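Contents: one structure, followed by commentary.
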Amino acid sequence: MRSLLRCTRFLCALVALGAPVLAQEGTAEINTGDTAWVLTASALVLMMTLPGLALFYGGLVRSKNVLNVLMQCFLSAGIVGLLWILVGYSLAFGTGGSLIGDFSKVALSGVTMDSVSSNFATPPRNIPEYVFIMFQAMFAIITPALILGAIAERMKFSVWVAFITIWFLVVYCPIAHMVWAPEGWIFKSGAIDFAGGLVVHMSSGFSAMVTALFLGKRRGYGRESMPPHSLPLCLIGAGLLWTGWFGFNAGSALSASPLAALAFLNTGTAASTAVVAWAAVEWFHRGKPTALGGATAGVAGLVAITPACGNVSPLGAIYIGIGVTVVSYTAVTFLKPALDYDDSLDVFGVHALGGAWGALASGIFAVTYGSGINGNAQQVMVQLKGILFTAIFAPVVTLAILIVLRLIFGSLRVTDEDEVEGLDFSQHGENAYTA
Amino acid sequence: MKKVEAVIKPFKLDEVKESLSSIGVQGITVSEVKGFGRQKGHTELYRGAEYVVDFLPKVKLEIIVKDDIVQKVVDAILKAAKTGRIGDGKIFVLPIDDVLRIRTGERGGDAI
Amino acid sequence: MRSLLRCTRFLCALVALGAPVLAQEGTAEINTGDTAWVLTASALVLMMTLPGLALFYGGLVRSKNVLNVLMQCFLSAGIVGLLWILVGYSLAFGTGGSLIGDFSKVALSGVTMDSVSSNFATPPRNIPEYVFIMFQAMFAIITPALILGAIAERMKFSVWVAFITIWFLVVYCPIAHMVWAPEGWIFKSGAIDFAGGLVVHMSSGFSAMVTALFLGKRRGYGRESMPPHSLPLCLIGAGLLWTGWFGFNAGSALSASPLAALAFLNTGTAASTAVVAWAAVEWFHRGKPTALGGATAGVAGLVAITPACGNVSPLGAIYIGIGVTVVSYTAVTFLKPALDYDDSLDVFGVHALGGAWGALASGIFAVTYGSGINGNAQQVMVQLKGILFTAIFAPVVTLAILIVLRLIFGSLRVTDEDEVEGLDFSQHGENAYTA
Amino acid sequence: MRSLLRCTRFLCALVALGAPVLAQEGTAEINTGDTAWVLTASALVLMMTLPGLALFYGGLVRSKNVLNVLMQCFLSAGIVGLLWILVGYSLAFGTGGSLIGDFSKVALSGVTMDSVSSNFATPPRNIPEYVFIMFQAMFAIITPALILGAIAERMKFSVWVAFITIWFLVVYCPIAHMVWAPEGWIFKSGAIDFAGGLVVHMSSGFSAMVTALFLGKRRGYGRESMPPHSLPLCLIGAGLLWTGWFGFNAGSALSASPLAALAFLNTGTAASTAVVAWAAVEWFHRGKPTALGGATAGVAGLVAITPACGNVSPLGAIYIGIGVTVVSYTAVTFLKPALDYDDSLDVFGVHALGGAWGALASGIFAVTYGSGINGNAQQVMVQLKGILFTAIFAPVVTLAILIVLRLIFGSLRVTDEDEVEGLDFSQHGENAYTA
Amino acid sequence: MKKVEAVIKPFKLDEVKESLSSIGVQGITVSEVKGFGRQKGHTELYRGAEYVVDFLPKVKLEIIVKDDIVQKVVDAILKAAKTGRIGDGKIFVLPIDDVLRIRTGERGGDAI
Amino acid sequence: MKKVEAVIKPFKLDEVKESLSSIGVQGITVSEVKGFGRQKGHTELYRGAEYVVDFLPKVKLEIIVKDDIVQKVVDAILKAAKTGRIGDGKIFVLPIDDVLRIRTGERGGDAI
């Protein structure tokens, strides 16, 4: 979704990329094709979390921790799904100021069957606001869940529950507002973030990094081998993520329009390119292309194209896919050992840096610009501002949350014994597999 | 009576079983084990990280036999399980005090 | 889908919740957006059974019985999918009387490319009747499959095949007609059953209960532990069910309309709420929230919102999600041991009682009513009539089927030895997992 | 998709089954409902490969080879997904001649946000060309991946990468052009191939057969037992394939129209019928219906209805479902042992012969004909021409590719030792499952 | 001290364990094994192809006991594991030189 | 020659292996087992139902050694496997009649 201008209020650019106007006059007509596509896209984005991400991450941990990972995803769907209706939507998309929304739409007050949101078709058309709310809900659900990859196999479940609740309110909602609401300052600056490079991937990825550092490494990290317990689960997850990502990116056009089609095409193209590029790099560097590499590459390609998918050409998508391979491969292969942090499932290398690259590349390869921007150089500068802000804001606030949580919970980690025995049993009283 | 235990490479199981069958062995108990030995483990790659896998998959056979055919059994295994490459495995012979067949309660040689 | 009035024939209520009018004039225009969404929704509902439900249930049984469960789902898709075209659609949606349809549409006779069904948009629009038939086919397929949860790990496969064939014809088709066809008496009474609380969940759930009792417990039940062989499979299934359920509920608007959007929003909200509530209850009651609890909660929330999703507000959805947690948690935790029945996978606690609660709550929290109803009190009374009828009709007819089947098949169960060895090998000659 | 006539140029048949007209005038209006459905369908078709087919095949191999299978699917999505944009789309749908397209649309040159493709609604409407490109991309991705079923567990991964690259360019693109582009000679002959019986299933199936023969059997084939390592994975895959196939077939109408609805209905009906028929045959012939049989049957039914789904009646779909059961069951049960080839996962029996039967049956049961055809007898003759051509062209060109590859790579197979150890470790340095 | 090894049918495990508990056995080590014996394997079907499965799932118990209760242990297993049908399994008795409890370092009879 | 069998807690495997390596042991065969002993099982919850799990996951090591280093091996295991908490496991020493290396056919001490 979205960058820049509110078409019906400002002017209508050739490719309209405005924030949705929420008209409440009750007489606005909705477009059924647009509505059909955004309904579908919303379902696809839920599938990305449940079961997509749950599997992608769940397959990568040891079998004694897989249920814990799955539950972290389910609870994100539970807590954030509920909070979104109660207060999150209002904080993110309520009018408010340039930093955060307000409480005007708490518990969806004022939203009725007649409320509509304007979309990014040219000229803009309407979809029911309820659809927009749910499409956005699915974004809100997946974002905190992405963080778990960095803290897997060691965080207390109670801490997780508290953490995502607070993080959602004080990190996600403000960033979503700043970037996607017409009042948000990043939005107003003309930054491009079509489907959430800043809002989703950088915000979660940089927060994940600081959380991983704060928590410390898994017991035995570096000494024992901790291979994925089921790569097939991981690859199923990657496949479902890929499928669902079409809803994520093309759905962000909020319309069944040529813009959605372009976003769709760029999404697939960047992912395909990254898979090929990553396999080539691994083959060259390690002698063999790995399956985990294939899955990681697909996801990295999808992350990087996310902010850019509505504003670049198919060739741009190819460059972005190649670029993210370089960035993320380097990060997980060289940067991680060099910095010696334990980001269990590489959220930083893939989402934080992949998202940052995508946000930058949105400027470099843009063929349509944000509102008030005239050219790639200017767009790149604006993008950098958004990237920098997110890369500082998200981890700093996350750090504050973690400090508070440590005051409340004592240790944020399970005991050593529980960690050895596995979080499935210690946190949930269950085992994943039996005969 | 003796218990012959053999740790072999998994893909040799079928050959060894057939070879034992052909010399009249009527019962074998098999388990999946992991072996650590002179054969060095391999290295697996996971997202750039390398894991050295020390333990290699092996199969363990346990066969109870009368004393007089111990040598025949050992020879059969030696022949069928051998590839000549490191990691082919070991055969151990252990003493046994008694054997019983649960179904019939038979004891000793008859129970094998 | 559906309650109450046929818009083009009667009057058009503000929120039209009528049974689809099947116009055959050949000149009726169809709406492509509505059609696109119902096509999508139909695919999503199939995904609920294959592989959603198959996994949800398959993960919960022991590894020696998982293929049997999967095959029970596949055969439901096979048998019911075929019978629906041959005779089921006609029995359920053919004109007929107030209890059952007729044979006027056997083998879809008379249905052509020009046939259309009217939908629940305001004012009603048309979709091709072929789409309506397939959307309904997917409902017909999942309903008998739900029953297997109660009889898993012990029923002869031949009996299952015979059972669902007959059950589909003499339980499902009549109930679907009574509740959803304009001639059906429950429909005419003004009952709300938007996407099938009575038709799908109560009918299968109560039938499941009587079948479990009739069949007796699994060998060793209560003595041996029978833990789920793969909770990850179960949770993947729950995730796919959740995703598909958006098609189930929002698709029941038969349109890409604000009504569909409301149904979609309520669906997600109720599921999220139930996940949070269930985890809270378990944490409090058992000290730990379980992953199986999370999956169960999601499904229970989805079941309960099913009948209500088009007629309640988002806040109503939250209450329904909390309510079903109380109902289903109590049922599986206290009622099951107390009554000492072996409903292997808790179809009764989740679908029968969850569905009944949802049907009741549709009356309690309704903001739009069934045709001819003026207020919640009246609506509740009407709902109770439907609930009571289904809770009696379905199990009684099911019992009759079981008695007949016992005459034909002798025992409905596999032999003790086959049960010990597992149904995968004894019924299908296969093992699920090998090296 | 497609057979026969270009509506805007020729005449508009009652049921328009023309190749999409690519209008570039920039003012053409697109239909949002049609666009929504084809966007959705494209995502569904990707899901067929990732993770559908990957699971269906992955579950059937031994656990030491599952990652190799998954990676073959991922690389197909990578390589073909990228090549499609760069050159494939142009080769398949660029104007060109009667055998192959041209380079006019290399790297999508000339395609813009305003480019549209005409669809098969009556009268034809437009969707963005970008959507058409991506829908077709997903077909191009799955087709080479289908081949892997015949060569699983023994081909070098480097050979696979080279093989699909070349095969895609010299087999897939030409066949797609001949059958689906308005200039293609098979298209012009009036052949029916609605969603790809020739283009997808026969082309891959016959190529698979020759590749399996060329490669030779797996080490130990016929002596050792090689049971599927995880039938549940296989059945999940089959379920996702079934779900996605609705996008494949009904999406081929390129519209949310009655034609799409008919294709959808026929798709489900044929699959259901095949599942029932196959179970019946196995029960009769073997004493037990198997789960693998159920999954195979579903796929076989879907394969067979693929070419026919827009041109036959629901009863025709039932006959096609029964017919394919006879054909494929006979092939995998009697023909395979008789001919003594090692088509590991039965691509020949299911896709090649199932696809051929479907293409023939499209003629036998057609109720709407190809352009210029008047009756089933004539249609059957035209179908036979297409079938014969594909059954010769695909394997002959494939053989040439294999000969060239052998010159380059020496052996196409991994070493015996690597085959024994498993391709996961030898080709990718990984193991699928650990504790 | 002796080591009693028993290969039994998997579904008998719970009964055997309870029976051993009731005669005072305090420790058992159990592993999943595959058995090849007189009981012939079954045939599995995969897409028309038949696979003969020679190896049947069995469970192996290992119990270290003092000499004086060996017979009681053997009898308890015999009784609890018996179905009377072929494939019920075997009991083997092996000599043991020494036993230690890791936790305490105790040795011999006390360590059992 | 003796066979040393040790049943230990799974997470101690790496430590024990390293400790054995360091005293010159060149071969170990490892299997996953389930143990029943004084350490009481835990309770798992499944939808309200509680299951008592009696059998706990353990790892069994089998090491064939020459008589003269048996004590060193036992001590190494004792030290590396000990947590001091119940369930640490047992070590058993069994007599062995013979050992062969399949690859070379070597017999006795040389084969270890």
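Per-chain residue numbering starts at 1, and chain names A, B, C, D, E and F are given in the order in which the chains are listed.
The definition used in the following text is that a contact is a pair of C-beta atoms (placed from the backbone, for glycine too) under 8 Å apart; a residue touches a chain by one contact, two chains touch by 3 or more.
It should be emphasised that the depicted structure is a prediction, and the values quoted were computed from it without experimental measurement.
*Asks:* List every chain that touches both subunit C and subunit D.
*Replies:* The shared contacts of subunit C and subunit D, listed by label, come to A, E.
*Asks:* Give the fewest steps needed to get from subunit C to subunit F, where each step moves from one chain to a chain it touches.
*Replies:* The least step count works out to 1.
*Asks:* If more than half of the interface residue numbers appear on both sides, call it same; otherwise different. Which is it for subunit B and subunit E?
*Replies:* Different; most numbers are used by only one of subunit B and subunit E.
*Asks:* Tell me which has more C-beta contacts between its two chains, A-B or E-F.
*Replies:* E-F
*Asks:* Between subunit A and subunit D, two copies of one chain sequence, what rotation angle (nearest 5 degrees) aligns their Cα atoms?
*Replies:* 120
*Asks:* As a quick test, compute the distance in whole Å between the mean CA positions of subunit B and subunit D.
*Replies:* About 46 Å separates the centre of subunit B from that of subunit D.
*Asks:* Taking the mean of the C-alpha atoms as each chain's centre, how many Å separate subunit A from subunit C?
*Replies:* Whole-Å distance between the two chain centres: 33.
*Asks:* When the C-alpha atoms of subunit D and subunit F are each averaged to a single point, how far apart are the two points in Å?
*Replies:* 53
*Asks:* Scan subunit E for residues touching two or more other chains and write them down.
*Replies:* Within subunit E, the residues that touch at least two other chains are 31-32, 44-46, 94-95.
*Asks:* Please output the residue numbers of subunit A that touch at least 2 other chains, ranges allowed.
*Replies:* In subunit A, residues 31-34, 36-37, 40, 44, 227-228, 230, 236, 256, 286, 288, 290, 292, 429-431, 435 touch at least two other chains, as defined above.
*Asks:* So which chains end up touching which?
*Replies:* A-B, A-C, A-D, A-F, B-D, B-E, B-F, C-D, C-E, C-F, D-E, E-F
*Asks:* Over in the complex, which subunit D residues touch subunit C? Could you list them?
*Replies:* These residues of subunit D touch subunit C: 15, 31-34, 36-37, 40, 44, 62-63, 121, 125, 227-232, 235-236, 238-240, 242-244, 246-247, 250, 255-262, 264-265, 268-269, 271-276, 279, 286-292, 294-295, 297-298, 314-315, 318.
*Asks:* Could you list, by residue number, the parts of subunit C that touch subunit F in their complex?
*Replies:* 225-228, 286, 288, 290, 292-293, 296, 329, 332-334, 336-337, 346
*Asks:* Name, in rising order, each residue of subunit A that touches subunit F in their complex.
*Replies:* These residues of subunit A touch subunit F: 223-224, 420, 425, 429-431.
*Asks:* Which bits of subunit C are touching subunit D when the two form their complex?
*Replies:* Contact set of subunit C toward subunit D: 30-37, 39-40, 42-44, 46-47, 49-52, 54-55, 58, 66-68, 70-71, 74-75, 77-82, 85, 107-108, 113-114, 127-131, 133-134, 137, 157, 161, 230, 233, 236, 256, 424, 427-435.
*Asks:* Could you pull out which subunit E residues touch subunit F in their complex?
*Replies:* 3, 17, 26-31, 64, 94-103, 105, 111
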